[in-house]
Amino acid sequence: TTPPGGSTAGAGGGAGAGAEGSTEFTDAVKKLVNGRTLQVGFTPPVLSEYYTQMENAAFTRMAQLEDLYGVKWKWEKSSPTGNFNAVEQQISTVQTWTSRKFDVVFICTGANFATMQGVYKNAMNAGTKIFQFNQPVELYPVDQINTVSNIGYDNRTQSGYVAGKYIADTLKGKGKIVQIMGPAGSDWTKARLIGFNQAMSENPGIEVVGTADGGYLRDKGLTAAQDLLTRHPDINAIYGENEDMALGASQAVDAAGLKQWDGSQGIVIVGADGLLSGMDAIRNGKLTATVDVNSVDNAIRMIDTAFQSVVLNNYVPKISNITTHLVTKDTVEAYAAYINGIMAPKKKY
Amino acid sequence: MSIFQRSSRVFAIDGVAVSIVFLIMCVYFAIASPYFLSPDNIYNTFVESVSAVLLAAGLTFVLISGGIDLSIGSNIGLSAAATLFAIMNGAPTLLAVLAGIATGLIFGLVNGAFVAGLGVSDFIVTLATLSIGAGVLQVFTARTQLTGTADSSFLALAGGKIAGIPTGVLITAVILLILEVALIKTPFGRTIYAVGINPNAAYLAAVSVRRTKFSVFIISGIIAGIGGVLLASHLNSVQPGLGGGYELTAIAGCVVGGVALAGGRGSIWRAALGAFFLSILSRGLQLTGVDPLWFSIVTGAAIVAAVAFDRGAQKWLQSTLRPVSPVAAATQNAQ
Amino acid sequence: MNNNENFQSAPAGPGDQPIVSVRGVGKVYPGVVALANVDIDLRPGEIHGLLGENGAGKSTLINILSGTVSPTAGTLRVAGSEVTIGTPRDAQDLGISTVHQEQSLAPNLTAVENIFLGRELITGRNRVAGVLDEKEMRTRVLELAHEFGLTDHDIRVPIEALGALKQHVVQIIKALAFRTQVLILDEPTSGLADHERLTLFSYMRQLRQKGISLLWVTHRLDELFGLADTITVLRDGQLVATVDPAGQTAESLVRLMVGRSNLAAREEIIEEGRVRGFSGARDEVLRLESVTRHPLLHDISLSVRRGEILGLAGIAGAGRTETAMAVLGADRPDSGNIFLHSRPVVIRSPRDARQKGIAYVPEERKTHAILGDFSIKRNITISDLKRTATAGLFLRGRQETATAKRYVSDLGVKTSSVQEKIRNLSGGNQQKVVIARCLFTKPDLIIFDEPTQGIDVGAKAEVYRLIYEFVDQGGAAIVISSELPELIRVSDRIAVMREGTIVGELESTGRDETASETSELGERIISLATRGAVAV
Amino acid sequence: MRPDMSSSLDAPALGNRIERLLAKPGSGLVALLILFIITMTFVAPSFLSLGNWENIANQAVFVLLLALGMTIVLIARGIDLSVGSVMGLSAGVAAFLINQGLIFPLALLAGIGCGLVCGLLNSLMITKLGLPDFVATLAMLGVARGVLFLWTKGTPFTRYMTAEYRIVGGQVKLGGIISVPIIVAIILCILVSLMLRKSVIGRYLYAIGGSPDAARLSGISVSKVKTFAYVVSGGCAGLAGVILAGRATNVAPTLGTGYEILAITAAIIGGAALTGGRGRMVGAVLGALTITLIANAMNIAGVTSEWQQVVTGIILLLAVLLDRITAYFKQRQNRAEIEPSPQQEQESAPSAMPKQALS
């Protein structure tokens, strides 16, 4: 049988209609669902364009499942916003959601791995199922992860390596580059760097001449890029570990009067995230490429996995990887359209 | 004296107004969310607020003396790292605890040496040590995997239970008690207030201002170190940014509790209450399902309301006390 | 409440219509009635003396008139119309200027800036932008400043760099520099040297001539005669009498201030003087040998023995306080030696000094002596907390209170309770508490820096008695005072300082001195202290 | 330890006299900066290039604008923790209104207006409700940030950049010579400096910082002056916000987070004190430049971010230490002369005295 919301969504049909499986199957699932309401909590580490795209994709998929099988959803989002410590807030978010008997918690967090496992364990014992998304679980020992499932991608091979390889290929294996990285100690940064370095070691002609911290923010990325360009005006490429920082670097290149990559020469700027604003920039020649880590599929798979696990009691994979895309000027329209397809969900929860 | 007047005198006991705001808030949350009073939530609330409360209590000493210590944020993180590092490398629990406290002590010594010894701005000095501490913690955690220990005696420091009460909470309560006694009941505590009220006068009145200033930084450092030990035991892991921003939470807690940043006023239990207030507030908001986007707005408003109420109550109280003629009072006094 | 036994009808003033007329004014603080039902009229062109013991309510009345305290009862009329004076600004607008009893200047501003604070001169062209006219402001005060002994340098630096007395002078200039209808002076002469007082008095006369009315508080009754046109006496917050000084003597005024019932006790104290004298071995307690501290102190040598009071005379800025700081260890001398009980010592800090048996009564009460937020009790014990602690560890509240109560009644501090915040006491009573603090440490040597500043006659005598008692029991005292008669009266010897050096040492036989001898001694001191600097 | 410590505690006559003789403010800082710049030229000669100074100036503008406002508030014995959040919110207002089709200059004004209003609210809480400055502005820090979060729902405002805004944001230099933010900063510096030194309100700021009681007794309305200080600080934050929106090209809800600490640090290394009554425009400029310069230099030198924190801390400590050392030598030198030259004292404007840390 084709499980509901299975591979169709994963293949990229998130925006498609809702006809899945046969009528009998649908009816049978409906019976299992029995009009049940799932109380869901969604807690990303920050509020950002990326997670907004995810949320919209999730809504789109939730609405589809509701149409198909009558499952109802109650959605609550919580993300650290204050100046007070982010990690503590997420821990206490999970704890309070557990107290409130949520069925499902989707979480992506910057908190320490081991710390969170204890929190997850307590939650699962109390009957709240935990799903991590977009978490660099590749860095963690799988057997120690206390979640039902982890939906995401391998930051090393599916993000860092892709970006590095693209830069190397574009520069034909020779050139100087600088990196603008996320906050030191961040697991994403660590993982992506492993992949990026892998690509670099495969291309000895490429030299990383400078690194700076851009804190995942555009204005900090701009500042960091400006400083790096002062010392290294002769670089060939900039790797921004996320898109906002890459866009900041793009401004720095413009401000320094340097030329951006036009297909044959100029400075190559590569980011990673897959934001609509990043795609805009690619269209306008302000960003050479980005690694779209696929907010859409991430969210759809997340909803499907939870539905399967909680409602249908299926065995879901502990690690569930989605596809990521390399977006360049040539492919930007397709992926932009893919994201735009979910940005106006039928129903918001 | 009317009953009304007598009851108004109750406010005179320092901090009663804040306590009332605190109680009102708790009652509201208890009504608004059935989970607020659940054993689980109570347990979690206490356990999770231990570090905030401890930091606020240690900081209170510095604030009362008229200073400020921003470094407690990275102090608690680094102390936690030192503790966990020691325990993971096979040190006995006692030694690991000492390692954490020693780390806190080092912060206190450096801050104290610069501020009291050299007389430079405490804001700048502790900001500098905050920054250095945060950097060292990142370097340290990047080089060593502080993934946790299985040493049960160490984990029991914060996670165990005595008579159903979490040990971490018990330890904190004992420390608070000691600090309060030290502040209110000892000559040392008295001189801290004196220095905060008027350092010039205190100096000329034979108080060693420098020694007092030095010791408050030591105390604040050590308490943050103990907080780090408990945090390490509670989390059983240390991440690079641990403790970042705790200093602001602690200061906010103290201020809500009525500790004056200008020095000379405050007490341990009020500071602890203020810190506890803030952590209960954020938990309560989550439990009642308030959109987290509203959190910082509500928190801001609650801080204003609590402090404004406290002030209002004090003023009202002062205006209701019955005047006595100085003559009458003087004769009364002579007897 | 004018049906007082001592009430006498007010003499006909020189003016006609009162400028300021106060009726039935009262002020109630939580727990204290500071002022009750007081009537007072200020006529144009009169100097109106306001007398009362410490805590009688003088400053409260003044604060009401100057808009810093709002009365809880009564009405104020200025130039015939009823007004409310809610802020100092209102008072200024009504033409009322005040020199407050306590230091009230911004320490980080210069004298000129302080004097014009709130009434800045603005350059003509730039009125809108509010650009300051610094030059004009400076020239305007220059003359006045010189007359009061401020140098060009003094008016240019932040006033926190000036000595306490010079700061006080700045405050007076601040009030004199502007055209006002009413000038209120709350103990303006406390701590001033004689020639400065005379300057001030001549200014007061000039102002009177111009039709300005002055309300003047002083504790030095001798000043009043020949200057005050009318005298109002307050006691315990109530009006006792408004009298013509012509019909009064110092004694009769004291009687009015103190009241019949308290009089007997007080007179005894006032008359007592220093009867016994110390009979033990008069060994040396403190000796300074060539103590030098740049840039001010040069070659200071002095000594003081048990049972002896050494007076330090000098004009403002002569270095007397600085000498005290050196003894106290607050400043470390650059060279020279300090001997305690004939043994050379290094005094590292006031705390060290206390451990070595030296205590200090600071000259600037508000900023350097009192711990405003502390209760009287805590202010007394702060210098030696171990004494009220069990095993030096835990404070014993009850014992502390008992100790404090004892000092409060010994020194006659007027307060409702020892738990009262010292900030709420009247100035004179604060001073007594500070002295109590020093006595509590049981020192061998007390340095009194302007000890009777702001203290009423009765209390002054009490302070003298305290000093005498202290030395008679074997203590040594150094008294710094700008009031020469006082200095001559209390001291056994007087060292005169000028510009940071000791320019002479004179024997004084204290109270035994006859009037003519006193003034002769006074003149010698003045000429030593001011040679070449100020013409008297 | 040296007696200079104790002298900061005894009678003001004594302590401050020495303080006055000590050092001009920040002499240690300047010395350190020079040393630092010299070292950097060896590490990376490009550090001294004109282009890099432009970068530094452009980066420093935001901290500088906030530090100017902060200095004013600190002089008046206040503190404004809300500047970072207010900056973010003002940026949001400008960006949002442009997206709504409001003409550009009006949108900018609205952004600045938002800052002014926040400042006004701060001052109302302080003067009318009687809240401590710290509490009021801490609350505003939360509220302004929260409003921006609510408003953006977590997704940055984007696509508001116009050609004019690129100029205002400093991405395009005016006439190819100098960028608008720098011009704005220079103008504001001059205004603030004039205001502090020459105007009545400036005098009042110092007065209420030095002694609120004395100011009140002199007929100054402390609450009005405080209101002025907070409104100016809010306005500076608003101005910084609208410019930052032009530089960052998107307004993330976290925009400006943490800037309050930078601003306070800049003001304090520049000689302002939490205890009020002192601070100067030049100090704010020096402070803002120092902070930016250090970060810039370390990025160029390739110091990783974790070590950057360590180095920044050490530099701060060195700066204050050097200040003390120069002060000590100055003092000794002054003691050597028996008669202090009046010139020397003249230089210490009221604002100029670094209050020793004990108070």
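Should a chain be cited, it is by its letter among A, B, C and D, assigned in written order, with residues numbered from 1 in that chain.
One rule holds in what follows: contacts are C-beta pairs under 8 Å (C-beta built on N, C-alpha and C of every residue); 3 or more make two chains touch, one makes a residue touch a chain.
Since we're looking at a predicted model, the values are computed, not measured.
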Smallest count of steps, each to a touching chain, taking subunit C to subunit D: 1
Pair of chains joined by more contacts [C-beta pairs], B-D or A-B: B-D
Cα-centroid distance, subunit A relative to subunit B, in whole angstrom: 38
Euclidean distance of C-alpha centroids - subunit A vs subunit C, Å: 74
For subunit B paired with subunit D, centre-to-centre distance based on mean C-alpha positions, whole Å: 29
Approximate Å spacing (C-alpha centroids) for the pair subunit A, subunit D: 38
Touching two or more other chains - residues of subunit B: 138, 142, 200, 203-204, 210, 240, 293, 295-296, 299
Touching two or more other chains - residue numbers and ranges from subunit D: 6, 9-12, 141-142, 145-146, 149, 153-154, 305-306, 308
Where subunit C touches two or more other chains at once, by residue number: 328, 330, 349-350, 362, 367-368
Contact footprint of subunit B on subunit C as seen in their complex: 28-34, 55, 236-237, 328, 330, 349-351, 353-354, 359-360, 362, 367-374, 378, 382-386, 389, 392-395, 405, 408-409, 414-418, 437, 441
List of subunit A residues in touch with subunit B within their complex: 47, 76-85, 87-89, 91-93, 95-100, 110-115, 118, 126, 183-185
Residue ranges of subunit B touching subunit A (in the complex, touch as defined): 33, 35, 38, 40-41, 44, 48, 138, 141-142, 147-148, 235-242, 244-246, 248-249, 282-283, 286-287, 289, 291-293, 295-296, 299
In the complex, subunit D residues that touch subunit B: 1, 4-6, 8-12, 125, 129-132, 134-136, 138-143, 145-147, 149-150, 153-154, 261, 264-265, 268-269, 273-274, 305-314, 316-317, 319-321, 323-324, 356-359
Subunit D partner contacts - residues on subunit C that touch it in the complex: 66, 68, 87-89, 91-92, 98, 100, 104-110, 113-114, 117-120, 122, 129-132, 152-153, 156-158, 160-164, 294-295, 321-322, 325, 328-332, 334, 349-350, 362-364, 367-368
